[in-house]
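Two complexes follow with chain A in common, the first pairing it with chain B and the second with chain C.
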Partner chain A sequence: MRWRFVALSALAVGCAGLELVAGRGMSPGAVWDVLGGGGDATERHIFLQLRLPRMLVALGAGACLAMAGLILQSALRNPLAGPEVTGVTPGAVLGAVTATALGLAGWESPLAVVLAACAGGCAGALLLWLLVGRGGGDPAQTAVHGVLVSAVLGGLTAMVLLVEPGELGSVVQWLVGTTEGRVWEHWHLLWPWALVWGVASWLLTGPLTLLRCGDDIAMSAGLSVRRARTLALMCAVALTAGAVAAVGALGFVGLLVPHLAMAVFGADMRVGLPGAALLGAIVVCGADAAAQLSSRLLAATLDSGRLTLPVGALTACLGAALLLVVVRRTPSRTF
Partner chain B sequence: MIAVLTVASVCALCLGTPYVPPHRLVGAVLDGDTTLAGVVVNELRVPRLVLALIAGACLGAAGLVLQEALRNPLAVPEMLGVSSGAALGVAAPLVLTLSLPAAVQPLLALGGAALGGGLTLLAAGLGRSPSAVLLTGAAVAAALQAALLVLMVMADQLDLQLIYRYLLGSLSARTWEDVTGLWPWLLVAAPALVLCAPVLSVMRLGDEDAEALGVRAQRARLVALAIAVVLIAPVTAVCGPVAWVGFLAPHLARWFNSSAGAVRWLPWSAAWGAVVVTVADVPARLALAPVETPAGAWTALLGVPAGIALMRSRRRDRMTEGSRTGTAAVRTLVPGPRTDTPRPDVEAPPAGRRGNGSQEEPGARGTVPLPGETTGTEDPR
Partner chain C sequence: MTKSMGIHLEDVHFGYPARSVLQGVDVTVRPGELTALIGLNGCGKSTLLRLAAGLLQPNQGRVLLGGDDLAGLSRRATAARVALLHQSAPAVPGMTVRHLVRQGRYAARGPLGMLREGDDPVVRRALRDVGVEQWADRDVDALSGGERQRVRLAMALAQDTRVLLLDEPTTYLDLHHQLDVMQTVVRLREERELTVVMVLHDLAHAARFAERIVALRDGRVVADGTPKEVVTPGLLADVLNVAGRVGRDPEGGWPVCYPDHPLPALEYENQFH
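Now for the complex of A and B:
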């Protein structure tokens, strides 16, 4: 088990390094210069003020989303639960967009955006809860209802965006999820939030492992099922809201990384949760590096400077392919 | 239904700036180009209304075809990737600033829609469990939307507004040209619909029974998908994916005459689709005037909750019926993904809504609104 962590950590560091050297504007050699203390002012600025926070935000957001997804899947005992299909992410997007449109929060005051996203995420989750009913029903049904809830919330978001079209350009990027232009402010906001809720959910890993076994077993082990589930869901919503406020609605990370984590670390959440966080960080950071590299290549081949590939597009495509695999592989068990 | 349709049409024609009182409508239409009201009504509002009716009818019929063919109350174009595929096909040349003749647009939409739908069905292995198909479809749709968003990120700010509006399904500023572009497609789709309707009612019995009756289930399903694509793609090319009409309309049709079969539901579903789009277009035009909201956002907002409510009450109803008449009825009549998990509230009595259905005589479905005799909407800007 320890070796797996070590290997994954090495992978994470590798991805982070790749993220630092990928991207337009400066060559890998220049990065090395800056690391050694040299380089001119522009290069130092690019590296220290743009690339470093971007990498950190990508790592943090990936970890948050993966943890939220794992918590949701365990607490609801639903392999298809994820922030995207339980209405949490669309709700958070709606909250953030609405708050911005109403002037309650601007992109300059990130804390208000986080709080609005949190409220929206809670509302989305609540909506699904009301729709599906207490029992939870069978997993696929819940997922389908979640997609419907997401459609409604997406319609509302569109409405808000069209009434206040001023920021459409930047918001569209954010709708698909991007790490473009994230600076230290975002990171300073993200890490305390992620740390607090990450620790909280880590404290809940024991109960969560029990919840995975089913309500009856958990109850006979002396767990207050309802309270544990509520707390876990709160953690998941808060983590998602933080990540969404930082990088936008990154597709499918929260749905599929937990499956990877379960495959690598097994079903013990005490190991699985940190593992999922690590894996999520790797996936988002790696995807961001790949997106930067490919947009660099595309820009070189197409000879147009305005082409940038948002990381969310890459994770969505990747995630869609993975979801197909998951759906196909487990026909009898899950569906 | 006719009353609702009439009210919505008159609203669509009268309201807005300039306001044309109902009693002067006929005069305005006859006046033609001579007065301001005449121009507005003839050139803007009438085509818009006609387009709303046609688009709604197409989407409603396509939704019913898909739902019946896949035996799945949630199989709607949006969740099968058909709509997003078509939208991608239309938006791509817009963003990449390729100049294409207008006639090619429906073809592109057709290609995109076929791609999305085919991909979903192939990936889901055709007739597997309904939820598997839906989740695969959601994945495909998400991937296609990601591609769309990449395109949007590349677009200029000005194009972006336009594309975003289009992607949500908007009927604003459509003229007679857009309407006439739809006719050839309708001519292809309508006979196909008539031909496939009986097959659909056989498909309802389940694959095995259908094959016993001489229907090749897989092939029929593919044909149904093809028809749905032909219906949806041209509409999407003109007014964007007006969301969730294909979900709501068939459920409305079933709600009002629950005892009928697929053949009878088909025209009803088309009619209800037309009603839904027309009704949704009125708030889209007026709710937040002078800003125009896309009709698709309204249909999504109102359609999904309404559709879910209908589906639930209907399922409950069917469950009770099934538990009385025998298990076979449950298996064949309840296509919902929940078939095998009876809800605890099964013992609720069948709602007294049968009465609603019987009020609508079967003959009334001949009143699928003819585009020519109704009237349209649009404000001059």
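Now for the complex of A and C:
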């Protein structure tokens, strides 16, 4: 088990390094110069004020989304649950889009966007909770209601965008999920939030492992199932809202990284949860590096200097393919 | 080690808005006794077991465990006194035998205690008790039905309780594994002085292994006594709704049933377990 963590940590460092040199505007040699204390003012600015925070935000957001996904899948006993289908991600998007349309927040005011996304994410989760609350927390019902809530929130977002088409351009990247233009302000908002809720989730790994065994068994073993599930869902919502506020609606990470984590680390959540966080960080950071590299290639071939590929587009394509594999390999919808 | 615990159900009523399941059940299980619960599907056997495990609360009446009312105990405190082996269990992908059995320690260790790696002697003993230690590191889902049932029994034993409730522990198992599970339970009960209540569909197992049989019909106790007292052609007709004869095992002397044919269906048939 330990060597898996070591190997994955090495991979994470590799991805982070790649992310640092992958961007446009500065050659790997210049990055080396800056690391050595040299480089001119522009290069230092690009590296220290843009690339470093961007890398950290990618790592942090990936970790948050993966943990949120694993918690949701365990607590709801549903391998196809993810932040996207609990109303949190679409709620956060709606919050941010609405705030932008009303002129309360904008691309240049990250704090306002973060706050609006958090409020929206909580509202989405609250809506789900209000719908499911009476149902007694039945996992299948929760999943179905989650899809409904997500669809409604997505529709509302589309309506806001139609009313305020002028904002479309700046919001679209955020709808897909991107780390473009993330600065220290985003990182300083993300890390304390992620740390607090990450630790809270880790303290819940005992009950979460039991929840994976099914409600009857968990109850017989002494777990207050409803309370444990409520706390777990709270952690998942908070982690998702934090990540979405930082990088936007990055698709499929929260849905698929948990499956990778299960395959690598097994069902022991004490190991699985930190493992999922590490894997999520690797996936998002690696995907962002890959997106930047391919943007460079595309820009060179298409001869358009402004072209950028958002990381969310890459994770969505990659995720859809992986999802197909998961669905084919999972004969039953609940485990 | 604490003394054995008895179970005491006092005028227990339980039901759902549409349908009542138990209608005034009084059962006292003495400490250290092995009791079999029998009855048709839907007569309330499983419900009674769940009430005794504190998973359900009676609408009326009390459930006492070693003298304490379960209504006043937390989920964890209840689970430290009574373990229940459920009739069926969902799949647990990626979980090893050792890890699943370890989950039985939750009541004793608590949410934060489960975080410690800890070398737990109770888990090791539970694995040894049911003879699964040699494949403790295999995936539970990769095991056969009989092996999985032993693992789940080990998980219940890992709760280290004085009372063990088993809901149809032998259903879906072949004859070899049925006897294997029954004999394991009988042996452990003698070694640890456990109080055991098991729901059994197989009257042969009940008559042979139980010291006492409690028969339910439509949410009421209709017979309660030793196998020799209780297992009669009248019981077959009244409780199980079959016509049959009852003989004696030539060597052991316990009652043996020869069911002949089903009697006409009951006018009131329950849909639930």
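The rule we apply is simple: the second predicted complex is superposed on the first by the 282 of 335 C-alpha atoms of A that agree within 3 Å, B and C clash if a C-alpha of one lies under 4 Å from a C-alpha of the other, contacts with A are read in each partner's own complex, and residues count from 1 in each chain.
Quick note on the criterion: contacts are C-beta pairs under 8 Å (C-beta built on N, C-alpha and C of every residue); 3 or more make two chains touch, one makes a residue touch a chain.
This is a predicted model, so every value here is computed, not measured.
Contact with chain B, but none with chain C, is seen for A:L80 once the two complexes are overlaid on the shared chain. By the touch criterion stated above, A:V163 is placed in contact with chain B alone, chain C being left untouched.
By the touch criterion stated above, A:T240 is placed in contact with neither chain B nor chain C.
More chain A residues lie in contact with B than with the other chain of the pair chain B and chain C.
Applying the stated contact rule after C-alpha superposition, one finds that A:T179 touches neither chain B nor chain C. Shared-chain residue A:T308: touches chain B; no touch with chain C. Residue contacts after overlaying the shared chain place A:A221 against chain C, while chain B stays out of touching range.
Using the contact criterion defined above for the overlaid structures, shared-chain residue A:T205 touches chain C, although it does not reach chain B. When both complexes are aligned on chain A by C-alpha atoms, chain A residues 335 touch chain B in the first and chain C in the second.
Listed in rising order, the residues of chain C touching chain A in the complex are 53, 55, 74-76, 78-80, 83-84, 86, 89-96, 99-100, 103-104, 106-107, 109-115, 155-156, 159. Every residue of chain B that touches chain A in the complex is listed here, in rising order: 74, 78-79, 123-125, 128-129, 131-132, 134-136, 138-140, 142-143, 145-147, 149-150, 152-154, 157, 160-161, 164-165, 168, 243-244, 288, 291, 293-294, 296-298, 300-301, 304-305, 308, 337-338, 341, 344.
Against chain B, the residues of chain A that register as touching in their complex are 80, 85, 131, 135, 137-138, 140-141, 143-145, 147-148, 151-152, 154-156, 158-159, 161-163, 165, 168-169, 172-173, 175-176, 178, 251-252, 306-310, 312-313, 316-317, 319-321, 323-324, 327-328, 331, 335.
Within the complex, the chain A residues that touch chain C are 77, 202-207, 209-210, 212-214, 216-217, 219-224, 228, 262-263, 266-268, 270, 332, 334-335.
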